[in-house]
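Comments concern the structure below.
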Amino acid sequence: MKILVSNDDGYQSPGLIALADALRTIGQVMVVAPDRDRSGASNSLTLDVPLRASRMPNGFLRVNGTPTDCVHLALTGLAEIDPDIVVAGINHGPNLGDDVLYSGTVAAATEGRFLGLPAMAISIASHSPQHLETAARVAVQLVKRLRDQPLEASIILNVNVPDCPYAQLQGFVATRLGNRHKAEPLVQAEDPRGQCIYWIGAAGPEQDAGVGTDFDAVRNGFVSITPLQVDLTRYAALTTLGSWLVNCCEKPEN
Amino acid sequence: MKILVSNDDGYQSPGLIALADALRTIGQVMVVAPDRDRSGASNSLTLDVPLRASRMPNGFLRVNGTPTDCVHLALTGLAEIDPDIVVAGINHGPNLGDDVLYSGTVAAATEGRFLGLPAMAISIASHSPQHLETAARVAVQLVKRLRDQPLEASIILNVNVPDCPYAQLQGFVATRLGNRHKAEPLVQAEDPRGQCIYWIGAAGPEQDAGVGTDFDAVRNGFVSITPLQVDLTRYAALTTLGSWLVNCCEKPEN
Amino acid sequence: MKILVSNDDGYQSPGLIALADALRTIGQVMVVAPDRDRSGASNSLTLDVPLRASRMPNGFLRVNGTPTDCVHLALTGLAEIDPDIVVAGINHGPNLGDDVLYSGTVAAATEGRFLGLPAMAISIASHSPQHLETAARVAVQLVKRLRDQPLEASIILNVNVPDCPYAQLQGFVATRLGNRHKAEPLVQAEDPRGQCIYWIGAAGPEQDAGVGTDFDAVRNGFVSITPLQVDLTRYAALTTLGSWLVNCCEKPEN
Amino acid sequence: MKILVSNDDGYQSPGLIALADALRTIGQVMVVAPDRDRSGASNSLTLDVPLRASRMPNGFLRVNGTPTDCVHLALTGLAEIDPDIVVAGINHGPNLGDDVLYSGTVAAATEGRFLGLPAMAISIASHSPQHLETAARVAVQLVKRLRDQPLEASIILNVNVPDCPYAQLQGFVATRLGNRHKAEPLVQAEDPRGQCIYWIGAAGPEQDAGVGTDFDAVRNGFVSITPLQVDLTRYAALTTLGSWLVNCCEKPEN
């Protein structure tokens, strides 16, 4: 099995190294990762400047781009292997609820959608993780399962693992994304030259974090696995929208 | 009605100016837009550096950030008004199918999801548009309709308008997102110093562009309106995933 | 006379516009300027990514690079004219003493050193100038004089103009660069995510600002004109250094 | 002796590591270096965004800024030691003649000018050096000599070392900067989206590379040591300029 690994914390992240090491026990691993922290990069693609790749002493390919750039380049010609699956992570810090919109880790996995297997983003629920080996072990098991018993190819699995010893995990559950309240207000400040500056405020507190959500699972010690879709169409609204559009607009003949 | 307007082509884009001018006929307009072209920015948020805003002679606020940054700042404290809706565009070039994953225009609209009305991203299907007035007129009509006959608040409408005179539009249709084949291979080149560089290749050709898709609608002269969802959970897969996880993994007791 | 104009405050700076307008009275003017504020860019050249140029409605060429990039591109192929001289400014804020090491304005002038005339950097001694017309008038007179009565071609003139009505200027003086004390301490802070950040502190106070310096001239209402050299060799130290090197090092034979 | 070490190739550069290792034999070494390649950064200072520093496993401090930022922060509060001297390098590739205007290595040394000893920039004359140990040995000898037999404090020594075994060096010579012809024309190209792009062309060939220049020394196998000055005033031109200014300009009374 050929596994393409990336992340958004950058090629030196302990989480990435732990993931690559663990996956090497079950397949051929190729790592293509950003040259620096690109958290919050979402699916951004670099179109206006060219990218550069360099091989690190440990075999990783380092790219001066976003997570999406890394996976995109790997799948469109940079990879010496033809990967079967993309696994992104281990992100330091959870990617729960609305976080997935901004996450570069989830974006890296999403970019693997043209391959014949689901892609996976895996995060550990602490910004200073103590138990990366737990998340790495979870990753290995899920990838083996995906190989032996495939799910739909276009699914992205968003996996969040509590930061605890493996033996303390409460189990694995399929979850839906919860969501957060509106973000905290921006933080206004002054730079040393007297100019006004703004920092993006903290993410909002949990709003929908009840039973069945990813927030709830992780809080209770479970590995949360949320199936994500690439197709953002809100199918349930198509009929309503169709009716709503009738007579909505001036006739083009006007 | 208070309307927050943004885009991803930057504050000087003719599409943005046309949109703001048109919407001023039906409400109070506030524009907060990136200081330069940020196409492809997706939902990326700038967390590592502070942002700066400056008021342009035409009243627009220019921010040295992404489209998502602009709307985020506006809604968390920068806006002097409390907007009712976010409208992003008019993007020069279509945002169809998989494009929405990368689009900064759609991302700007998405960031408006905490307000009480749907948000809207509007694009014109040409990179050198001749008929911005058509798309602007469409935007005005849709915003009026949303005001008078609201849809679900969490919907994002992704609108693509053919680049033709209004009278030549074939109508308005609700569509689902089509999708594209895998992107073209990366473009390898050499810089003048002999170093190897890579450009991200062109987007792939249409794969699923049949009846009912946004591709099909625009190709046939219709305004395509796709309802998007912010919640990326693939609900239809939750049950299957739940079963799949049974015995998938080593017992945590191990 | 063909005059290439650039700056480091960006193509929209009032100082740049005032300079270009004034110089048009005595020659053909071409403006190539950065797309945004690049103060502090010094002589930095962009070698790792390609640059883009776009023509603004007012005829200026905007480049997404440093001041040095702008002038370099103009002189190596971008300019439709073959300029006789480079004039950079009008910088908002003085460039006195050690400032010239960091100044993008001075760097833009320096990059004109291969032409057959001196180059000039011009700054007005206020960050919110009220009398740009004074500095513009000074620029015109100096360029005319350089044309009619040339100085050595490799000289860079660093001109600083008090921010006052022309009639209040006390005169024009040739000055040497003064210098500043060591800069203020760095400013340590915390970002909203609790991470430690550092801002470069303010420039130090004047140390050598006595009679004959640029600091002194401007403080007393004079236009300060300092001849700068491109050749950084400290000729006066060559002999001493030669002696110092004798027996300084282990014999290569060792 | 407390030695502050920096460079412009980034904290992972073999040249930097070789330099730090060698200098540790004669003093206490502190390394503060850019997080990535910043060649061509000249004296640029980062004023608009805050900087971040992180301690690498090998003890180096990595800063997301320019070489000048690194040394500036170290000297204004970041350094736990109070350095006696700044040594920058070992740059991969020579810094000869006009190169010093653009060099981040020379800029890092320049930023050490407020200390009580000369600063030094050291480069090896190959972009893929085979004999870093030669340059490292040269650095150690020069620093020891500076300590034991000081030169003027405000001198910057710009050192270029041939890429050969130490035993093959022909000696050490004090040189002046040579200079280059105008740079090669810009390189125009098209990106994969059909947009016009420009690359800065190669540096020009040597123009003044005769006896006594740094070019000549290195070409003949010598270590070239050029004393640089921080004060860019062209003193020799002050009198001429003074005369030239008489009656140059309209009387301010006008």
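Residue numbering begins at 1 within each chain, and the chains themselves are lettered A, B, C and D in the order written.
Please note the rule applied: a residue touches a chain if its C-beta (ideal position, glycine included) is under 8 Å from a C-beta of that chain, and two chains touch if they have at least 3 such contacts.
Chain by chain, the UniProt names read as follows: A, B, C, D = 5'-nucleotidase SurE.
What you see is a predicted model; the values in this text were computed from it and never measured.
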Chain whose mean Cα position lies farthest from chain D (5'-nucleotidase SurE): B
Higher-contact pair (C-beta pairs counted), A-D versus B-D: B-D
Interface residue overlap between copies chain B (5'-nucleotidase SurE) and chain C (5'-nucleotidase SurE), same or different (over half shared): same
Centroid spacing, where centroids are CA-atom means, of chain C (5'-nucleotidase SurE) and chain D (5'-nucleotidase SurE) in whole angstrom: 20
Euclidean distance of C-alpha centroids - chain A (5'-nucleotidase SurE) vs chain D (5'-nucleotidase SurE), Å: 41
Centre-to-centre distance between chain D (5'-nucleotidase SurE) and chain B (5'-nucleotidase SurE) (centres being mean Cα positions), rounded to whole Å: 46
In chain B (5'-nucleotidase SurE), residues with contacts to at least two other chains: 47-48, 50, 52, 189, 191, 193, 199-201
Residues of chain A (5'-nucleotidase SurE) defined as touching chain B (5'-nucleotidase SurE) within the complex: 37, 39-48, 50-53, 66, 68-69, 72-73, 75-78, 98, 100-102, 107, 110, 114, 137-138, 141-142, 145, 149, 151-152, 155, 157, 166-174, 176-177, 179, 181-186, 188-189, 191, 195-201, 223, 225-235, 237-242, 244-245, 248-250, 252-254
Touching residues on chain D (5'-nucleotidase SurE), where the partner in the complex is chain B (5'-nucleotidase SurE): 48-50, 52, 187, 189, 191-193, 199-202
Touch list for chain B (5'-nucleotidase SurE) against partner chain C (5'-nucleotidase SurE), complex: 35-36, 47-48, 50, 64, 191, 193
